[in-house]
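Got a structure for you, written out below as structure tokens; questions coming shortly.
Labels A, B, C and D are assigned to the chains in the order they are written; within every chain, residues are numbered from 1.
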Amino acid sequence: MSLDSKAIIAKRIAEELNDGDVVNLGVGIPTLVTSFLGDKQVYLQTENGLLGMGPRPPIDEVDPDIVDAGKSPVTITKGAAFFNSADSFGMIRGGHIDVAILGTLEIDKTGEIANWAVPNQPILGVGGAMDLVAGAKKVIVASLLFSKDGSPKLVDELTYKSSGERKVDLFVSEYAAFTFEKDGIHVIDIYGDLSIEELSKKLNLPLIDKTVQYNA
Amino acid sequence: MSLDSKAIIAKRIAEELNDGDVVNLGVGIPTLVTSFLGDKQVYLQTENGLLGMGPRPPIDEVDPDIVDAGKSPVTITKGAAFFNSADSFGMIRGGHIDVAILGTLEIDKTGEIANWAVPNQPILGVGGAMDLVAGAKKVIVASLLFSKDGSPKLVDELTYKSSGERKVDLFVSEYAAFTFEKDGIHVIDIYGDLSIEELSKKLNLPLIDKTVQYNA
Amino acid sequence: MKKLVNIDKIEELVKDGDRILVGGFGATGSPLTILDKIARTNVKDLEIVSNNLGENGQGLHKVFVAGQIKKAVGSFFTINREAVMAWSRGELEIELLPQGTLAEAIRAGGAGIGGFYTKTAVGTELSKGKEIREIDGERYVFEKAIRGNVAVIKAAKADKLGNLTYYATARNFNPMMATAADIVIAEVDEIVDELDPEIIVTPHLYVDYIVQTGYKKERGAYVESR
Amino acid sequence: MKKLVNIDKIEELVKDGDRILVGGFGATGSPLTILDKIARTNVKDLEIVSNNLGENGQGLHKVFVAGQIKKAVGSFFTINREAVMAWSRGELEIELLPQGTLAEAIRAGGAGIGGFYTKTAVGTELSKGKEIREIDGERYVFEKAIRGNVAVIKAAKADKLGNLTYYATARNFNPMMATAADIVIAEVDEIVDELDPEIIVTPHLYVDYIVQTGYKKERGAYVESR
């Protein structure tokens, strides 16, 4: 997949963020969001115990005691705070993270996601995925719409294991942005060269066009 | 009651404490224990958020932000630490306080105490009493054996409201020290001019003489 | 500093019938300036969650005297004689919790924990009507989390983002309350440019508004400084 | 300093079949010196409670390679490939918990809380067989507290009494683990005369033994300093 596809997603999600938001970023595409923030100041929380995470340091300034949730070295910004894991997940579960931006393996038509366990493989890691899904004020999924084998990630029913019954608020893919409402899947933005009808056909899912309303 | 009676109790309890113990002291007689520690270093915890409490300061050094659980001004000792109330009661309930020394209104023959609510009066305060009874590694009761009206505080069954089903480890009064065992109330020390038989008669309770065994 | 507001902002933030978490252990760590302001508004039917109802005629005592409190949830009201009398006359509802249960329930409310089992108060009147469960051979009482519409707390220092530190035993219930309400207002002694990331007790994401205290310490007591 | 012991003391403190709480998030905040020592003893059938099983061949990875671990309770073993293979072969038992549930369960274990209801993992495989309870209209999963026979943790500084502070994200699980075991052993970088009472994270009453670390940081990694 081209970097462009990922950049489309990251840029669109950056637009959703507000100045002052506290944001938790999953690995992969979510980490690209910071490149498109412009003047907006957001505060990055990492669940291993830091609010106020800055970018990766130069190699000669790496401190193995300052890492993100993926155990990669990071820096801290002015106004940062350290805390223990129980307090960190209290923050997450307690609804104090404005936005969690997560990758996913699958997402169903109700907005329930599966982002931790691949079927037929040993499932031995969950990390903070389920806590973020359950607890963040707003959950945005950043993901390509199709897997490498071409199968859609947006599906009628999850075939992978659920990350929790809480539905996400927004799914941004390289083709379109979706929300999940009582009457079905809403398309609120479309970017690619596929029409909503074509997307619906490829996904084998009904889609409701809300691009006009949303952008009015 | 004479100060002597209270001093007898405080001195006997001081003997129970070990060098290095973390101790939480209730109001009244328990606070006198610190006068009889000799060379023993104990660390005083106060449930409003301090480990390492020191004596009352001179009046011109009072800081209303440094108080004990009775809201009286105190000082701090070297190695002290401040913490919030949730962490403080985590310490207490979690069994990290070596000894809680508490006053009581009543204590029954099993060692269950009632130290928070007087009958026929509005019961609107419990504070940390029940947490200490439930959580301290060892609970020692420091109390005169008889109320002002002459009625015994050591009774067959509580008439006042229980502070919790956990039994105390030791009750030190001005006449004797008691423990509460399967076979009944043991007298392990006797100080007053009443014999165990006389005490038993006054209390209207069977007492088992263990003074020799305990002091052997 | 964005979060810094004038004390008058309180009028907009506190509403009739609100459940308000109020920091402090007596007057120690109590947001006296905010409480004075609340006592001067017409807001009523408040449910107050606080260890007790003020001390020495300060803080929550003024809100109580102004007749604004309908219910109080806390651990030690014995010293609040007038409140005890109001309770006797049926004018004040009181819910009593062990101090540790109160602290833990507020922490749970802020941390996405719906309820918990505590070993405190098993076999007492304060566990009557509550679920008792045996876990690994020991008996515990179920307690529900507590949250408020508003929390008013007292801190020592705030930095420009609203990170907070506390001073001595004035910390008490304040850090948990900062996590467990929809709107959190912190009264602070001092605003500084920056705080050491290792010593921040309440990270800024918990704090919505900051007001400067109108009190100072003098001869062992809190007195109004203006 | 009374609590300071030689690393050989570990041999006496850790026993076959013990459940050991091990601080750290990967190598960050992991008590590497203590774990090296455990890996050199003959102790076996350990149940390890830790976020994962070490990183980069350090820490718990050595204990795993030495065949001393019977069961691991944690949140992210995916990166521990050899452990995953051992699990596939039935040679290692694994209990997986969401990271926040793991942290909270250990905190509960240290705080006299028997169990709690968390909103995390409702409707997932990780809540299967666990009690679900609706509280105020929201669904929660019941989780039991976790305690250990021994906790081995890593701190930055200890004072003479054993009060501890941590450094940066090396704090992680260490403070909770310090509260939740019968014997708590802290590996520290430095022993100082005194620490500011406001910044102590783990008060001394939680700490039984202190050992001096044998590691230092060099070029972004932890290396043995002797």
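Heads up, the rule we're going with is that a contact is a pair of C-beta atoms (placed from the backbone, for glycine too) under 8 Å apart; a residue touches a chain by one contact, two chains touch by 3 or more.
Please read these numbers as outputs of a predicted model, since none were measured by experiment.
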Checklist line | Neighbouring chains common to chain B and chain D, by label | finding: C
Item checked: Selected pair, greater C-beta contact count between A-D and A-C -> A-D
Checklist line | Length of the line joining the C-alpha centres of chain C and chain D, rounded to whole Å | finding: 33
Next item on the list: Indicate the whole-number Å distance between the mean C-alpha point of chain A and the mean C-alpha point of chain C.
Entry: 35
Next item on the list: Round to the nearest whole Å and give the separation of the Cα centres of chain A and chain D.
Entry: 29
Note to self: Between chain A and chain B, what distance separates the C-alpha centroids? Give it in angstrom.
What the structure shows: 55
Check: Which chain D residues reach two or more other chains?
Finding: 104, 107, 111-113, 118-120, 166-168, 197-198
Margin query: Give the residues of chain B touching no fewer than two other chains, as numbers and ranges.
Written below: 76, 82-83, 89-90, 92-93, 134-135
Check: Among all the chains shown, which pairs meet the touch rule set out at the top?
Finding: A-C, A-D, B-C, B-D, C-D
Margin query: Quick check on the complex: what are the chain B residues that touch chain C?
Written below: 46-50, 59-60, 62-67, 71, 73, 76, 82-86, 88-90, 92-93, 112, 117, 122-131, 134-135, 161-166
Note to self: List the residues on chain C that touch chain A in their complex, please.
What the structure shows: 2, 107, 109-113, 159-161, 163, 179-180, 194-195, 197-198, 200, 203-206
Note to self: So in the complex, the part of chain D that touches chain A is made up of which residues?
What the structure shows: 25-29, 51-52, 55, 75-80, 83-84, 87-88, 94, 96-104, 106-107, 118-126, 139, 166-176, 201, 217, 219-222
Margin query: Using the touch definition from the top, list the residues of chain A that touch chain C in their complex.
Written below: 20, 22, 43, 45, 51-52, 76, 78-83, 89-97, 134-135
Check: Within the complex, which stretch of chain D touches chain C?
Finding: 104, 108, 111-120, 133, 135-136, 138, 140, 144-145, 165-168, 197-199
